[in-house]
Amino acid sequence: MKRETLPRSAPSASGVAGSPPGRWQLDRIVAELRVSREETHSIRRDGEARRAPSRDALEAILNGLTEALFPRHYGQSDLDGENIDYFVGNTLSIALDSLSAQIHRGALFVGDELEPGFRREEAVELTRAFAAQLPDVRGLLINDLRAAFVGDPAARNFPEILIGYPGMTAIIHHRLAHLLYRLGVRLVARLMAEIAHARTGIDIHPGASIGSGFFIDHGTGVVIGETAIIGDSVRIYQAVTLGARHFPTDDEGSVIKGDARHPIVEDDVVIYAGATILGRITIGRGSTIGGNVWLTRDVAPNSVVTQATARNSPGGGA
Amino acid sequence: MKRETLPRSAPSASGVAGSPPGRWQLDRIVAELRVSREETHSIRRDGEARRAPSRDALEAILNGLTEALFPRHYGQSDLDGENIDYFVGNTLSIALDSLSAQIHRGALFVGDELEPGFRREEAVELTRAFAAQLPDVRGLLINDLRAAFVGDPAARNFPEILIGYPGMTAIIHHRLAHLLYRLGVRLVARLMAEIAHARTGIDIHPGASIGSGFFIDHGTGVVIGETAIIGDSVRIYQAVTLGARHFPTDDEGSVIKGDARHPIVEDDVVIYAGATILGRITIGRGSTIGGNVWLTRDVAPNSVVTQATARNSPGGGA
Amino acid sequence: MKRETLPRSAPSASGVAGSPPGRWQLDRIVAELRVSREETHSIRRDGEARRAPSRDALEAILNGLTEALFPRHYGQSDLDGENIDYFVGNTLSIALDSLSAQIHRGALFVGDELEPGFRREEAVELTRAFAAQLPDVRGLLINDLRAAFVGDPAARNFPEILIGYPGMTAIIHHRLAHLLYRLGVRLVARLMAEIAHARTGIDIHPGASIGSGFFIDHGTGVVIGETAIIGDSVRIYQAVTLGARHFPTDDEGSVIKGDARHPIVEDDVVIYAGATILGRITIGRGSTIGGNVWLTRDVAPNSVVTQATARNSPGGGA
Amino acid sequence: MKRETLPRSAPSASGVAGSPPGRWQLDRIVAELRVSREETHSIRRDGEARRAPSRDALEAILNGLTEALFPRHYGQSDLDGENIDYFVGNTLSIALDSLSAQIHRGALFVGDELEPGFRREEAVELTRAFAAQLPDVRGLLINDLRAAFVGDPAARNFPEILIGYPGMTAIIHHRLAHLLYRLGVRLVARLMAEIAHARTGIDIHPGASIGSGFFIDHGTGVVIGETAIIGDSVRIYQAVTLGARHFPTDDEGSVIKGDARHPIVEDDVVIYAGATILGRITIGRGSTIGGNVWLTRDVAPNSVVTQATARNSPGGGA
Amino acid sequence: MKRETLPRSAPSASGVAGSPPGRWQLDRIVAELRVSREETHSIRRDGEARRAPSRDALEAILNGLTEALFPRHYGQSDLDGENIDYFVGNTLSIALDSLSAQIHRGALFVGDELEPGFRREEAVELTRAFAAQLPDVRGLLINDLRAAFVGDPAARNFPEILIGYPGMTAIIHHRLAHLLYRLGVRLVARLMAEIAHARTGIDIHPGASIGSGFFIDHGTGVVIGETAIIGDSVRIYQAVTLGARHFPTDDEGSVIKGDARHPIVEDDVVIYAGATILGRITIGRGSTIGGNVWLTRDVAPNSVVTQATARNSPGGGA
Amino acid sequence: MKRETLPRSAPSASGVAGSPPGRWQLDRIVAELRVSREETHSIRRDGEARRAPSRDALEAILNGLTEALFPRHYGQSDLDGENIDYFVGNTLSIALDSLSAQIHRGALFVGDELEPGFRREEAVELTRAFAAQLPDVRGLLINDLRAAFVGDPAARNFPEILIGYPGMTAIIHHRLAHLLYRLGVRLVARLMAEIAHARTGIDIHPGASIGSGFFIDHGTGVVIGETAIIGDSVRIYQAVTLGARHFPTDDEGSVIKGDARHPIVEDDVVIYAGATILGRITIGRGSTIGGNVWLTRDVAPNSVVTQATARNSPGGGA
């Protein structure tokens, strides 16, 4: 086996006074890591200890909310007319309590994101506002489910879509994260979106606004940017990007944050696999964008846009 | 922090009679979710409670079957000539019992998929037929393993491929799911395929028919459709789509389901990263399809097809 | 339900002597799997039992090392100036002990990779050399974090990036795996890279050399090959491939392993989504490669390369 | 170290044909255990496989029922007026479903205990009858709790008793197990009693009939037999036995089962530590039985019975 | 099977309007349990929701503290001079954080036990005072360990005692619980004592004061009361009670709480199995109390007290 | 709340230089515990780090062996003629591998117990000798089971005894631990006995020799000493002690270890609850020892020994 000669710790460090240095030289590494932490703390406003939101907790919250929305498909126990409301109420209660705690942690952790002195009561209030929207979210998701059934020739029944399709998982997560985003709970919303991304390969920024009856088929590699606006009854395939075209930079070369920079996709549009749509352009209603198309200009309603090399082929699903 | 003013529950709802509404107004949300469920039940034939197959159980089944097929690579314990058969037999027994139960749940849950009155004995019989094919599946997977070793210049040994490569994970899952698909166990097969998709980013419909010595390198974004037919010794790279070109719709605009609509790929074909191949076309044996190629027509045997902008460059692996 | 008639076990097999064959015919399947294992053992040099490295253990090691590097973001407990070093030291100690054991298993398992007779002491020495580099790795990762903040208009704060961004997860894993790769611990390094791949959809071979301030945005579908060399301050978007162009084969048609065959990307380069860059070419410093570009030739410093159909549009992020 | 020379397997057994016997000679041990099982099956009426009730499941059921009865003391989550009923209903639902399944297993496993052909519906009916009594059980337990507070000088508050006292744990378990015993669910009831025994050192047969306001202090070593009858407001200390005096045997020397053979303890009796009370005798109301007393005769109401060596000392608690 | 006819819910209740009553009639049971809770709330001062200390958390705290005191015997990982302090510090930190939280919960839960308005900072301060005593506790426990080794003829080495002996477990738990008791943290202390009781069958009230070099052999059934005082080098066997003789009652018949009512046992006393010692008496130093002795009077120093029937036999250990 | 003023850390320690001492003053406590450990290491021969056997591992081993002996009663899965041997073989293999490792740890940890330089191969050999006896152990346990059924009027069937009775649990554990004890594996054997003690309240030293058809009813508080010898068909009730009478001490006052000092109980003896039998005496075959009897002299065959106050009452079971 060939190995490079890596710079190791100087022999004198461990050999001084002939004392055995220990198996891993833990003391030295721990000290160096402490120095490294202290140096980088300058990027934070103070050295005070704060806890980041827990990704594990957020995963449990998303699971709990999904079980409460679709108890017969995701819930573990045998649910019928007698016990289903108890399950839903109890599952919701646990998820909302935990969400409230994570919102509080997130707000304190980031600090510069919410008002100073963000209080636990405020996290409770935000969670309550979130909870009140859940029935509406369920209504939207039922429409997404119908859209998937209608749009995928391989779909044989609703349960298959609800339990199995990554596009369904992604939109469930997104509609929950988006609610939080609109309430200003941005760190938690973003982390939820990344959980969905890790689970499905579909990366939807929680800021994106998405209408009713939305369906992503296959989904791996889809990216939808923060300021994208998507109408009703839109269908998207794998590896589609709704991205930004330019990243305007400030005088120091840092990108300027927050501007509307992603596409507007109107109702009844279909975008096939691998299409890349960039910038604050508008895809007019009823249009079809072919696979692998690269698009940076507005498209009139009811257009069909395809690759030069594949004009007459709008396909690209599976 | 700027927050939008979201429509919340009307104040009168919680303020009536001055009674405290509780932390989350659980009663109201639970009731609204119940109403929402009842409305959507109209899309099911009856209101009877049925349990969906459990994704956790299916993950455990797939893990168990994989351990039984490759006990020294996936099994936890120290296996040698003395105890290996006990491990294999016990692991198989647990996995098959559980599979039989999930097949039963899946059949009852979907209802319209298998004959009415699907019985537990039938699930047992299907599982037994599945189990009898496992040694043959192992033989196919060994060929896939050899194909990976031969085809990837970065592969140094078999264990690395078997444990580490997502393409190997995907084909193990697919060959198991495909067996079930052929036996008519479609919901379970589909859910297994989506588990593989979530684990690897490779989305192979369990209906796809794949020959011996198949290798997918890197794999993220690969999509292979339900009616695709792939010959022996085929090699595919990341983000390749074998998809449908047109989705014929019926009078109501719903896509028609079940037709043969995905490509046929003959023996000894290589398809480089990002190629998109659509429709019931045939890629003749021994052909090479270059990276990012968009292809909707038959290709004669031993062809080399590349992008117009990169004619002489069939590469695209890593 | 239509089902194919699968070849099942011959009726005579189970019907002989009228004895009930058991639910799954376990004995027969176990025996057939044993025969299958014995046939394929010919591809190994001996029949001796050896344990593969455990993927679960490697996941725990990666989690532990990440917690030790960023204890306030990944660690579970409430850490402050008093207890943080105890947490770091204890977490490191457990992770390094386990890593040492996995290195030993990996070396024995593969056999042909390290010298014959690889001893436990040698695994300890390799682990110690690895551990000594951890503070430097942290320094590099802080630069990666800053690069992400500067480069992504949607990024609002450091914690969001550190906890949430898959590109950050991928580079943390890569920098750890790469250290091991350079020490010759290739099987473990490769398995760690595949864990990162499964978690993020980003596939970086542990052999790839990556400079300071590296940022991958979105990331799904990124593939970076074994011999790629990336300079400082490079930014990459989803679905970018830095791959090989040709796979030279030997007389038997097997690909030749180990040659330098992937691109060199110099400092300050940006590569937008979906670009495919193949072969041992050099992208000169300060260049911008547009989305979906297919590139197999050297690029001079400070070039802007875009698709023919989208000349003036280097965009492609989200 | 001195070690006896144990009879090991004969050398010829493992040495035949020079074949290596394996590490543990598993095949031989497994075969011998199989022979042993087959021999002892003669004590069962048939060789059919049946599953015993699961002790783990019964422990979970007892925990669930206890949480439903005292949700603020045993329940995990933060319960208030809003969510407490959801918690109780959901917890009950899970526990009762599981209890019903265990009752069914128990009935089938034992076979000779319940009517032949015991059906799942019958288990459901028994569980429903059990469930209907739970509110009454709670009322009894509240009286037990009050009795403990009044009777123990070290008790400072109710929660301490409810969460901490083994006597409280034992009576909660007993009242639940006794309900099942009265419904004829004897195997499950007995197993529940043994779970209580293992948790507390207090061994109350589920058949024992116990009145209101019962308190056992310390409790280790208490034994209360199957046909014991205990009135209201009885207090018992550690190591008290309410046992049988004679075990009448049949012609074959086996003890005859089922007769009333344990004491009757009337209302307002106190029995101090270590007292042994045997046979179908009656302890009259208001009596006090001193520590370590050995008693096999009826006791008139309001008696004080003490050891000869300690006549004037009825004490014995702590 | 004979079953009693239990009073079930009246048929009219479930049969009204012919509506199906559900499997378990959950709504009715939940409602009845709510009524039962509301009735018993009158025994608490207010209806406010408060969380009881968690027994699981207290078990984890006791385990963590024990691991920190004896890391090589109880700690999970491979500890040596290099990493042992990191393990100890981290384990302590987690245990103390959790203890502080449980103290806070306990104080709020009981309410009447600590001052009104008990604050989190006060719980921290109490925990800090507790922590500062841990090294002294370890010193005491080492003496207990030596006493066990000297006193038990079956003891062969220290590890056997430390890991295996219930008497050692009991005294470790007691010394920790007693520290808390002295700090006024009574509910938590009491719950810890009951955890020890459940684990060992040894019931020592946390209020009991126990000197150095204490050893309990076998231990099942030992009861030591709240106000007992035990000197140095005392040895006790199974089923020994140091209890109260009289429980003085107030006008309402409730026992009066808090008085000194348990024995004082001076240095170098041995008490054999089953001895019952009751009341505020003093066992003079150097005395031996024989097995099964019943004792309610003072004993002069260096006495030997035995049963009448076994005068010359002080034995009783095993 | 009244609290004692505990000696806390001197104020100067934490107040020097006004530096904040941290929440728990971890550094100081960790340092003091280190000093305490170093002082007590003098009781060990060297300071080398060694790992104690793991109680968790031993519990899992005992569970595994019990499942292998009685797979239909303790095993988790659905076992029938087809899969039962696979379950048994796999469960045994895991348990024996782990036992071998624990034997090795135990031998190295204690050091003075087995020969110096105890090797892993020796642990394997001991485990193999242990394993070979398991079928015989099963035969003995079946006899114990029959004895329980015959002896307990409350026993209704075998499963109830096998799963539920603590006496059955205790004898299963004892027969396994005794095998190890006879092979010289004393620390592991002792720890197993204490696990049984904790689970059942029955404390049988692994050295005790117990014949066939042994039954302990109720069992809490039973103590059987190291050198006790028990014949066939013996029945024992709760709180029986078979102990030592005198503990001869050496010149330094330490008890002398290892002598035969516990009773011999011949065949067909019954010993009722609370009897205390001390010293190397012999209870002749066919005798009955009444409840609470205190016995330190030989008893002729077929005797009936009762308390003076209860001559004619040999009862005491429940």
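A, B, C, D, E and F label the chains in the order they appear, each numbered from 1.
We adopt the following convention: contacts are C-beta pairs under 8 Å (C-beta built on N, C-alpha and C of every residue); 3 or more make two chains touch, one makes a residue touch a chain.
Here's who's who by UniProt: A, B, C, D, E, F = serine O-acetyltransferase.
Because the structure is a prediction, the values reported are computed rather than measured.
Between the contact lists of chain D (serine O-acetyltransferase) and chain F (serine O-acetyltransferase), the overlap consists of B, E. By count of C-beta pairs in contact, B-C exceeds the other of the chain pairs A-D and B-C. When chain centres are set by their Cα atoms, the one at the greatest distance from chain A (serine O-acetyltransferase) is F. Distance between chain centres (mean CA atoms), chain C (serine O-acetyltransferase) to chain D (serine O-acetyltransferase): 55 Å. Separating the CA-averaged centres of chain B (serine O-acetyltransferase) and chain D (serine O-acetyltransferase) is a span of 49 Å. The centroid of the Cα atoms in chain E (serine O-acetyltransferase) and the matching centroid in chain F (serine O-acetyltransferase) are 22 Å apart. As a whole-number value, the distance joining the C-alpha centres of chain C (serine O-acetyltransferase) and chain E (serine O-acetyltransferase) reads 52 Å. The set of chain A (serine O-acetyltransferase) residues that touch two or more partner chains comprises 23-27, 30, 78, 80-83, 85-86, 88-89, 92-93, 113, 201, 220-221, 239, 274, 292. The touch graph of the protein chains shown belongs to none of the named shapes. All chain pairs that count as touching, in label order, are A-B, A-C, A-D, A-E, B-C, B-D, B-F, C-E, C-F, D-E, D-F, E-F.
For chain E (serine O-acetyltransferase) in complex with chain C (serine O-acetyltransferase), the touching residues are 77-78, 82-83, 85-94, 97. On the side of chain F (serine O-acetyltransferase), the complex with chain C (serine O-acetyltransferase) involves touching residues 22-27, 30, 80-83, 86.
Contact residues of chain A (serine O-acetyltransferase) toward chain B (serine O-acetyltransferase) in the complex are 68-69, 71-74, 76, 78-81, 84-85, 88-89, 92-93, 96, 113-115, 124, 127-129, 131-135, 138-139, 142, 146, 150-160, 163-166, 179, 182-184, 199-201, 218, 220-221, 238-239, 273-274, 291-292, 307, 309-310, 313, 315-318. Taken together, the chain C (serine O-acetyltransferase) residues at the contact with chain B (serine O-acetyltransferase) in this complex read 1-4, 6-9, 23-30, 32-37, 40, 43-44, 47, 49-55, 109-110, 112-113, 186-187, 190-191, 193-194, 197-198, 201, 203, 205, 207, 220-221, 223-226, 239, 241-247, 253-259, 261-262, 274, 276, 278-279, 292, 294, 296, 308.
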